[in-house]
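Below are two complexes that have subunit A in common, paired first with subunit B and then with subunit C.
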Partner chain A sequence: MNELKVHKKPFRKKIYPYLFIMPFSLLVLVFFILPAIATVGMAFTDLNASMKPHFVGITNFKRIFTDYNLPQILGNTAVFAVLSLVISMLFALIISIATQYFLKGKLLAVVYRVLWLIPSIIPSVVYVTFWKFIFDPTEGGLINEFLASMGVISEPVSWFTKGAMAIVILATIVSTISGGMILLSSAINSIPEDLYKAARVDGASEKSVITKIILPTLKWPLMYITISDLIGFVSSYFFIMLLTQGGPMRDTTTLSLYAFQQAFNLKYYGYGAAVSLIVVFISFVLTLLLIRMFDFDQMIKPSRIED
Partner chain B sequence: MITLKNIVKAYDSKKDSSRAVDGLDLVINKGEFVALLGPSGCGKTTTLMMLAGLLKPTSGEIYFGDRLVNHVEPKDRNIGMVFQSYALYPHLTVRDNIAFPLRERKMPKAQAYERAKEMGKIVQIDHLLDRKPSQLSGGQQQRVAMARALAKDPEILLLDEPMSNLDARLKLDVRDEIRKLQRDLGVTTIIVTHDQEEALAISDRVAILNNGKIQQYAPPEELFSQPVNLFVASFLGNPPMNLIDGVIKEENGEQKIVTSGFQFRIPEARKLEAAHIDKPVKLGVRPHDFMLAEQTDSNAFPMKVDLVEHLGSGKLVKVIDPEQKLQTTIRFLADNETDVRHGDTIRMKIRENKFHVFDMTAEGLNLMQFR
Partner chain C sequence: MKKFAGLALTMVMGLGVLAGCGSNENSSANTEGAAASDKPEAKVVTISVRENTWGARKDNFLEAEKRLNEELAPENVQVKLDWWPGIDDDELVLQAQAGKVADIFINSSVDIGWERDAGLIRDIDWVKDSEAFKNVPASYTNIMSYDGHYYGAIQDMDASPVFISRKALEGLGWTKEQIDGLRARVDSGDFTFQDLVNLADDAKKKSLVKIGFAVEDTRFEGWNYAFDFNNYDAAQNKLDLSQKAKEVYAFWADAKKRGVIAENIGDVDTDMAAPMFVKGEIFAEFARTEFYQMMREANGMKDKVDDYNNWFNENVVWIPVPSAQKGGKPVSYSNPAMMFVGAKVDDDKMPYVQKLIEHVLDPDLQINHTIASGKLPVTPEAQEDPRFKEMPFYKDHAYLVEFTKTRPALPDYATFTKGYTLGVEAMLTKGKSPEEAFDIFVKEVKQNVPADRVEIQE
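Entry: the complex of A and B
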């Protein structure tokens, strides 16, 4: 009799993969999953500084939609996210084409790109202090001092009351450009040299090289930047908090900053959690929308780098 | 007519060793098909790039007809070019790829597309015009590249290793088609290749380059039968030419080459100048120019069979002299009917007039007088 022997993996071997992922799974559980569950739970309570939560149903959400601050905050969020995205992407594109195509291989191009990296590698607090110094409303502020010495102004200008949102966006894009720049530069760098040579032989104008060779290559990186940056801008509040704390009044308060302020400044933990759930919901919808719009399925298919 | 006069291209002007092309002279007639052939790093691609205007020569002059083109931009040279990678624009359709050079010359779209279709027909890809390059096979991409290069009706067609990415069998077909197309259109064509078979098969004349210099510039059969120096002789031919060290001797008015393994009498008509007598030389004989000899042949010599390789169309036999005094084994090609086995001792001779004698200078000049 031939007994068919099925080779069984010993239990010890089966457990190895799980042993390997366990430490990280624990971290994910403790720092991501549990807080997420807690947030959702909190959103349905009136948890505040007294730390005695009562279940209140959807009262918090009702309150959000009747919150008189909401229209302005949503507007701020949209202006901040869209302007930051469009401007930073445009600059990233221009810098990448300039340094990787027009100045390709030149030392100047490398130095220039490294300079752009500086804002994103220095600590945010230091970076924000720098912007605060530039736009300082007293005579000691860099711009005020400069303009005064040129004789343009006689009184120091309070920049943050005049254009807080503009300053916030400026500071955000300057530190964001480098990320897009790296992605776009490397994509341009992957274009084979022969294509440029062929274009020269074919008598292609610079405009044709950019529109017919370079830009089509950047389609996928541009989509990626749009999605990741837009979601980042919608859910981030760190810069704004450090620069203006959402002020003056609520001029630069975005939805995510509002959630933070409600929870941690005013100690309305329940209400803050509810607002932050709205942020998550908006990010989620935006992601779905952009994925649909950009044909994301195409993007994650096998390699799109055509040689 | 294209004239290259004493062209030098140095990538680092301070160092002589950086010269990719070092004093190159070349004349290409109108309508001629010329190959630049050589091992990698010989300067053939650099030369082509200078013809295209993608590189500027460090010194020397390039003329298209009577026009000095050293500083003329590629687009103003009226050239078409096919790159080794084909360099098709990946995001344009085949039609737009072929029409691209025409559109850049401000030709109306309808007319450019009409011309693209026409070119597509010529290279037999007119059914693929709406595809993107990534949806084509290597052979099809190569045809599109040809069509794009020829679309603007260039005076000069430059081909940079156009067939090195095709498989061996396809190469044969494509090579014939390129040759036929070139003949029909009468376009002056320069091809760069490291594949000697391709160069010899396709061109009217072949320039063999080494170290940035032209070694020999001649029609294929002449290169093969009358190599001017050791480099050309050993570079061409597969399996390569046998090169055997020897000395020229004269006895009783007869010249012979004495090697450590055998002696070979030089026929009367091929006698060398007296100055070469008693000088060391290299005897060069192609594998198919050895043959089995009759027992009575006085100019034959005995050899011992060391190895027999079957090539399909024949046998490659490696032999060495019976005392094994030669430094190298000799390869010779025998037909399948020749019955030789390992260990046999055979009598061999060299085909009349099918041998070369090279001097021992650095250039290894061929001493034979071709009359």
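Entry: the complex of A and C
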């Protein structure tokens, strides 16, 4: 009993952690939880520009599933998210291994990584303007000008009508690679040099070093990148909106952009909120699937101490 | 160190003396104020205005404030402007929700419907008897009112002339007399929209230009009026999706097939088009009044009005949008800006708000805005300003506003035009037929526009 008394923390100390997290909890409450609750509420109303909401039950959700645009928009979302994820992660992996294993410690590797960081630190509007200049449909566009000077084309090509989704994915990938590259590089950097030396002594090939030492080490960061990037791509619309506004027609309209357009361009706030809830639901399901796929439970188990 | 400290002290004291001298003026003013303090304190009326600095809008409000205060001095009333930068519709809605709508803000005439329904604006029926508005054309009166009341005070106006390359017409063998007589032929209905397509086609085939037609933004629905497809039925106050849309789509398909319209027409906005037109690369630019100003800037002649007018006369000819029917009337379309009065303005404040708006429409201020923005003034009195008369293009094409159509103030109009534009894009980028484009239009409108707000003829 006496011992218990000795170990009991004073109230002041107990309250400390809560005091520390309170400001951030308030921010989360005001800027995330309350808007999320408002969005859920809004999704069950017919709120539009008149700002006079009426409860309509699940009408908006019924409408989503009868919306003739839905199959195309879901397809666009899948193509955009999966291709952006796979290609950006592959590039991030290749760059990380190249600069952190093959060129480790070399100035060139540092410069190369810094170059890849530039797209992610440029403000989005400036970044998009750059891509628009590259694929400008007139003779003044960079690619059109280059191809015309080489005699490849006689008339400027309308790139945004011919390959809008490819341009959107390309722009997204280039700006996203750096995030994955940093995480993967730091993970590779944490591998003890002794492991590489031991492998070489054992006559391991470079391929074996990559597949048996480096890649297993990257399971955690790869899982994190996959989940966070995939959710980001499913719910992102900003680049697409600035680059193509979802066009031509709806060729680059993803589900989250469609939600934005319904709510803020056409002022159907209730319907837009319902579509955005579908985006949240899809992101949630994908996260659960990926956690299962990466065998998350196994990963968080305490490491075994070898006897 | 002592020397340095002495120098510093001298400087501080010197500055203090100078500051003391400088404050003499204020002091005397204060004394005057004190002497005048026997007068009752002036009533201060603060009017919040939300708009950007585009054109001379902000400057005009500030000048109007000054003029109004001179006018109100005998009544011992002082109006103070509380200026906020302009914002978009969604932020406007949020401001309204927070009870922070400005007393005056500027938005498009098309926004009356939803702003009224959302309780953002209040009626301003004083417009009916206002001296400032007594001579505006009847068409303006129509767009300022909605549902039996006035809700907006028109701030500026434009029309939609078609700017045609004079050099291209000369290249096609047209004489000066033929070119100069073109507008009269359009006005009389002798020259049709199809004739214009044919000319653009010929100019492209002869490599006189690189682009046949270019259009501002994606305001494709403006051409509908030329085909008597009006988007809106005023009698029923409903959007109108009639079979005539098929005729418009047929024109698009034909123009695309002949290369007069390129598939990227929506990507070549006026910013890009102005320098291209100046270089003679575009046959016809379907823009609005302000394109005249944009070409001036693209020409590097922003402050050289005479030089620009000479260039304009040698290189450009403009016409209203011709009718698609022989003998039909030309058309013009616009998106005029309105000054709206926030719903929180009460009857006590309204007289000051009214006077401020009326001063913004003082003829000289309207012309200041025309010079800065390239928009047209809205009152006939402003058109009498000598500076306006110095710009023949503005003066000559001002008659277009008599038949210029504006977008209806219906909340679902944006959805309606989105459907229409999807049909156009389907033909341009997917090779769809006019019938298929029409089906897309109908499908989109049926799905998204409430049935009681649109009349659909399938």
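The criterion applied here is as follows: the second predicted complex is superposed on the first by the 272 of 307 C-alpha atoms of A that agree within 3 Å, B and C clash if a C-alpha of one lies under 4 Å from a C-alpha of the other, contacts with A are read in each partner's own complex, and residues count from 1 in each chain.
The rule is simple: contacts are C-beta pairs under 8 Å (C-beta built on N, C-alpha and C of every residue); 3 or more make two chains touch, one makes a residue touch a chain.
Note that the coordinates shown come from a computational prediction; the quantities given were computed from them, not determined experimentally.
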Q: Would you mind checking whether subunit B and subunit C clash or fit side by side on subunit A after the superposition?
A: fit
Q. Looking at the overlay, does A:Ala198 come into contact with subunit B only (first), subunit C only (second), both, or neither?
A. first
Q: Determine, under the contact definition given at the top, whether A:Pro137 touches first (subunit B), second (subunit C), both, or neither.
A: second
Q) For A:Gly163, is the partner it touches subunit B (first), subunit C (second), both, or none of the two (neither)? A) neither
Q: May I ask you to name which of subunit B and subunit C touches more residues of subunit A?
A: C
Q: Once the two structures are overlaid on A, work out the angle subunit B-subunit A-subunit C from the Cα centres, in steps of 10 degrees.
A: 140
Q.
Is A:Thr217 touching anything from subunit B or subunit C once the two structures are fitted on A? First, second, both or neither.
A. first
Q.
Let me test your reading of the model: by the given contact rule, A:Ser50 touches which partner, first (subunit B), second (subunit C), both or neither?
A. second
Q) Looking at the superposed set of three chains, what is the minimum CA distance between subunit B and subunit C in Å? A) 50
**Q.** Residues of subunit A at both interfaces, subunit B in one complex, subunit C in the other
**A.** none
Q) Where on subunit B is subunit A touching in the complex? A) 52-54, 73-76, 79-81, 83-85, 87, 89-92, 100-101, 104-105, 133-134, 148, 152
Q) In the complex of these two chains, what residues of subunit C are touching subunit A? A) 89-90, 93, 96-97, 114, 117-119, 210, 262-264, 266-268, 272, 276, 411, 414-415, 418, 422, 425-426, 428-430, 443, 447-448
**Q.** Residues of subunit A that touch subunit C when the two form their complex
**A.** 48-52, 67-68, 136-140, 155, 158, 160-161, 247-251, 264-268
Q.
Residue numbers of subunit A touching subunit B in their complex, please.
A. 192, 194-195, 197-205, 208, 212-213, 216-217, 306-307
